[in-house]
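The next part holds the structures, each set out as structure tokens.
Below, chain A partners chain B and then partners chain C, in two separate complexes.
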Partner chain A sequence: MGLLQEIIFGLVTGSYIAIAAIGFTLIYGIVNMINFAYGEYLTLGAFIGLVAATMIPVPLPIAALVAMVGGGVVSIVLARGFFTPINDTGPVPMLLTSIGLGIALRNAIRLVGGRGARYFETETATFRFDAIPDVSLGPVDLLGGFFVTSEQLIVIGAAVAVFVAIHGLLTRTDVGIAMRAMGDDESLARVRGIDTQLIRDSVWVLAGVLAGLAGVLMAIQTNVSADTGFSHILQILSAAILGGAGSPYGAILGAYVIGLVLAVSTAFLPSSMTGLSSAVAFVILVAVLLVKPSGIAGKEVREA
Partner chain B sequence: MVSNTNNNTSRRAFLTAAGAGGIAGLSGCVSFGGGDGGDGGDGGSGSTDGGSAPDTIVFGQPGALTGAFDFLQPGVSQAADAAVQHINEAGGPLGAELELVRRDTAVDPQEARTVATQLVENDDAAAIVGLFSSEINPLWDFLQDLQTPIVTPWPGSTFLDTRGGDKGTPEDTSDDEWVWRTVVGDTVHTGGSAVYALEEGYESLGVINGNTEGERSYVDGFLSVFENNGGTVEERVEVELGASSYQSALSRLFDADFDAFLVSMPQESAITALSDWSDGGYGRQPILSDTLAQQEVIDQVGSDLNGAWVAQPGRSGPGYDTFEGIYTEAGDASINSWTPPSWDSVQVTALAIEHAGSTDPEAIQSSLGPVSRSGGTEVSTFAEGKEALANGEEINYQGAATPVDFTQHGNVFGTVTINTAQDGEFVATSEVSAADVREYVAEGEY
Partner chain C sequence: MSVLDKLPDGHGDRALLAGLACLLVGALFAFTPLRAQLPSALYVFVEVGILFAIYGMLVLGLDLQYGHTGLVNFGHVVFFAVGAYATAILSAQDSFSGLALGYPWPIGLAAGVVVAAVLGLALSATSIRLRGDFLAIVTLATAEIFHSVFVNFEETFGGNVGILGVPRPIAALVEGDTRLVVTLLVLGGVTLVTLAAVTRLTEAPYGRTLRAIRADELVTRSLGKSTITYKTQAFVYGAALAGLAGGLFALYNGAVAPGFFTIQVTVTIWIGMLLGGAANHRAVLAGLAIIMGLRLVSRFALDVTPVSGDVFASIRLIVVGLILVAVIRYRPAGIWGDARELGVDR
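Right, the complex of A and B next:
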């Protein structure tokens, strides 16, 4: 198969990561903390979606909405319980608290949810486009036939919908504009009359909603288990840092860079190195940070 | 305002550094929370080196209570518990109460190291009746230094083909290695699978496997027989486990031209990969590794999997019927390929203690060969063996999974069962005899 097919695979992987990375980076930029427990927010969202889909039961799109609402509620409850009381202690205590909370949540989920993986019941349709001609560049076929599944289209579509909604929120609403103001300078935002605690709460809810959606999408593709979110936190964190600290647009860009590198490196690395595709993505992360410590989009977004 | 800007920059610099540090930390650890305590236990065994008999003898069982293989643990636990109950009802080894202390390793080598130490040092375990390939191989030197017999139902690794056992000299422990396994090694059942593939006319192969020791070992075992007997490997792709998609790896694999493809991954990752394979319509004959003969795999992947086969250690040891009768009364966990070997590991180790008349580790080690190899009265349970030993007879334990005739390297041979996915379930469709597989294994190399 050609490069076009690999790009599609990369876009799908990037879409999962991007949705979660936006939530992660909003917390990163506005609440001033790295939330290592964010993977567990995804896991909780996946479990809420699964419960809705199997026990109530409701159709999968409704279950995803339930997971988003549930994710938002969980996020604000956890924030009020564990992070808001230490808001003023600085990033280190909050970081350590989030690590501890993540461990506690993961083990609590394992205790309550059980050891084994659970699965959403889905039907997948595959759409083939075999008539696309090959366009070779050396040993690489740039085009060629490809396929895309209904699951992949849903993931990409959901990501695009999230991007549009986030862009609209940040540029067209008072809450979004206040979030950007707080991200740039919290003291100045407070002087201008912005209720910073309300904005923090809004960010927690929004991050939880996105985690719920990302958790369900990941679970549909893989499974629901105590490690569903934790197994992806490395990629989410990397996307946020690669794109630029606190920048939702940068997180989207970083997520797709990582997704595409994962896909293309698996396809083109020597056979003995295909298991190292993640390492290639992180080498790129390190290289970008060395050249541009603020991340790919860090500076540009701060100026916007 | 200047101050604010500086603070902001510092904050961002810190966050970036902390994030990068976090990535390094996270990438270096499998899990922060893998240390579930398991059943614990109060130990309290005491051991004897030939003097007065202890009141309690402890066997330690490192287990996969969590982690990638936790779905196999219930059957293994139930078999071990049933064996312990049976042994105690028969009077116990040396008249002592046998106790099993089970602790979770989550199949994590570091956790396994801690658990093995706890079992020996804190629980006074006379022997260990667990540990996976992924744990034994990296901990090999540590386990030798532990100097406690490890009789495990789990590991298939080819690493153990020439490691372990008493080297055929039970009276001389100086050349011994402390690991024995009651499950047939990957060399045997992967060899059986390779033999079956060649017999079915599949002469070229694609391989997709996880990047852990267990998955690599399975594939290496398969390929050593497959390639030595005329088969060729056209493409091999190694993947990281737990990915959200394996489409890129599959796309690369299926660009090659081959007849069948071998999948060696833990269940959850394999379901993701096989679902991707089904969605992509890649086709061709799937051959699955031994842990994948699970109903969940068929349920999640669907009818495209029809015709896929799995070679598993057979369940046709001479003592299987005896085991099955006792096992089914002990609980409702389903029997998997590691369940009868779990029963065998407890039985043969208890018999070794009875034979040795001591819980001294060297004495147990020296007796594992004599109670299992041919020549004595054949027994299929501890009760029969205890009685025969009391009558002054030598014994030959006949196991549930295999005859448990330990080779010089502490390995066992047995039949290989071919299970094929048909109409929504795995069905035993063929069997490769131990003798057929043995032809492909060089003398002294297993």
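Right, the complex of A and C next:
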């Protein structure tokens, strides 16, 4: 396969990671916690979408909407039950709580949904571009023919729509402006009369909605099982930290960097070691934290 | 005057005495014709007990890092894993997968400790300055990286099969029930000696400095202590201990594979530590005993309930996750921890 094809795969992966990373980084910036259970929100969203699409049955766009609403509800309920009561204990207890919650949720999903992978049934149109010449560099083909499926276009399109919507929300609405203010300085925001708990709740809902959408897109693109979200959480986290924790725009950039690196490293690694491509994302994460821990657009995270 | 009055007072000295006694009795069984008989009902207890002794070394090292110094290491299993793999690669003979060099096992065990310590040194040189939650992420990511390296480099690490044919020094001396008893005594003895060593370390002024760093790093630095040096040392000690545990695990188990070194190990020892009460060596061991006792209970419960093993494993993990959540929320200092010293509410 040519490099162009891998780049398209990278853009698709980057798109759903970006949607999830925005939600993750908003929670980090405003609630001030690393939510390790966030991957499970994606899995839950995908399963809610699956139930809507197969049991009721509704068309896919409506199933995605159902998953987004479901994700939002799940997120606020879990936040109210687990995270809001310990809001002032600091980042480490909240991280540990989210790790415990993640284990419990993942196994609860496995208990109800079973171990097997499930698929969305979609009709796919494939667009081929075979006329592009091969340019070989060693074993790697730098151009080469490629194809795009309608599913992949849907994922990328949905991501772009989300970026526009988030940008509008953060710059044009009162809630969004209050969110940015709180991310900047919580005490100052409270002094200015912002109801910080209300804003925190809206961030939880928003993050859940984004997780629901990202989960459905992930499921459309590949499949969904109880471990889907967990296997992506470190990539989401890497994207958010790479972009500068707390910055939604940085998270988008970080997600595409991660997506492209994953895809391109698959092209360059020998075929027996493709399993290492996930490790590549963590190597990037560690490298970023060592060289520029504040990420592309964020705040200092070192103490000493 | 009875013998009891001559026993030392300190917890550390008593642990040392008990540990040496265990090792002595173990050696007695191993090198004399003396043999032990176990009722078959006790097998499962002895097996879990052996695992408890190994995890006990892990939790003591982690408690040195988190409980005393405040370093949030959420990838502790990686040091356990590299210790085990280093020991296995150096000492294994004729493994049909992975590398097997066939050196004597003491060299392998020493290498396991050294490799884990070096990894700990490298990790702390680069990441020890990070804020708590980010240090947790880096350590966790490191553990995941190593896990996928172990799975993917089949020629060196044997992939999912791992490395077989690791020598089992105790099994080479005695067999059957006696082997289990001796293993439990020896590993339990090593854990008790470890307990004595870390107690000695943390009761000394050195330990006070570590706890001062956890309480307030800035103040400690203003008193002229090089906090980064102390933090690095604590991190490396914990890593080396985990390497020792890993090496002993490889020599007990006779094989290593990625499946033994999942994030589940990290989670188990973290829950044990938080449940018992961080910064208290005996409390973290007790907490670990509770959480591993749960494993024992669930193994018995599995026999009497009509659900499948898969379902049961899921239920057990849900309970484990919720215990972690509940401990942090309702008893942040743990059962025996000192809430005021740990600086938590309640």
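In this text, the second predicted complex is superposed on the first by the 276 of 304 C-alpha atoms of A that agree within 3 Å, B and C clash if a C-alpha of one lies under 4 Å from a C-alpha of the other, contacts with A are read in each partner's own complex, and residues count from 1 in each chain.
By our rule, a residue touches a chain if its C-beta (ideal position, glycine included) is under 8 Å from a C-beta of that chain, and two chains touch if they have at least 3 such contacts.
The shown structure was predicted, so the numbers you read here are calculated from the model rather than taken from an experiment.
Asker: Chain A superposed: clash or fit between chain B and chain C?
Answerer: clash
Asker: After the superposition on A, what does A:Ser231 contact: first (chain B), second (chain C), both or neither?
Answerer: Only chain B; A:Ser231 stays clear of chain C.
Asker: Which partner chains sit in contact with A:Lys292 here, chain B, chain C, both or neither? Use first/second/both/neither.
Answerer: The answer is neither, since A:Lys292 touches no partner chain.
Asker: Counting touched residues of chain A, say whether chain B or chain C comes out ahead.
Answerer: B
Asker: In the overlay, answer first, second, both or neither for which of chain B and chain C A:His167 touches.
Answerer: neither
Asker: So, does A:Glu151 touch the first partner chain B, the second partner chain C, both, or neither?
Answerer: Touch partner of A:Glu151: chain B, not chain C.
Asker: Once the structures are superposed on A, label A:Ile34 by its partner contacts, choosing first (chain B), second (chain C), both or neither.
Answerer: Both partners, chain B and chain C.
Asker: Between chain B and chain C, whom does A:Val12 touch in the aligned arrangement: first, second, both, or neither?
Answerer: first
Asker: Could you look at A:Arg190 and tell me whether it touches chain B, chain C, both or neither (first, second, both, neither)?
Answerer: Neither: A:Arg190 stays clear of chain B and chain C.
Asker: For the combined three-chain arrangement, which segment of chain C clashes with chain B: 254-262, 272-280, 290-298 or 326-334?
Answerer: 254-262
Asker: Identify the residues of chain A that lie in both the chain B contact region and the chain C contact region.
Answerer: 34, 91-92, 95, 99, 102-103, 106-107, 110, 115, 234, 237-238, 241, 272, 275, 278, 282, 285-286, 289, 293
Asker: In the complex, go through chain A and note every residue touching chain B.
Answerer: Result: residues 1, 5-6, 9-10, 12-13, 16, 28, 32, 34, 36, 91-92, 95, 99, 102-103, 106-107, 110, 115-117, 119, 124, 126, 128, 147, 149, 151, 184-185, 187-188, 218, 221-223, 225, 227, 230-234, 237-238, 240-241, 245-246, 262-264, 266-267, 271-272, 274-275, 277-278, 282, 285-286, 289, 293-295, 298 of chain A touch chain B.
Asker: What residues on chain A touch chain C, complex-wise?
Answerer: Counting only chain A, the residues touching chain C are 33-34, 82, 85-86, 89, 91-93, 95-97, 99-108, 110-111, 115, 234, 237-238, 241, 272-273, 275-276, 278-279, 282-283, 285-286, 289-290, 293, 301-304.
Asker: Which residues, counting only chain C, touch chain A once they are in their complex?
Answerer: 72, 74, 126-127, 129-134, 136-138, 140-142, 144-145, 148-149, 151-154, 217, 221, 227-228, 267, 270-271, 274, 310-311, 313-315, 317-318, 320-325, 328-329, 332, 344-345
Asker: For chain B, which residues are in contact with chain A within the complex?
Answerer: Residues of chain B touching chain A: 1, 4, 8, 11-16, 18-20, 22-23, 26-27, 31-33, 36, 65-66, 70-71, 211, 235-240, 242, 244-245, 247-249, 251-252, 255, 267-268, 271-272, 275, 279-281, 296, 299-300.
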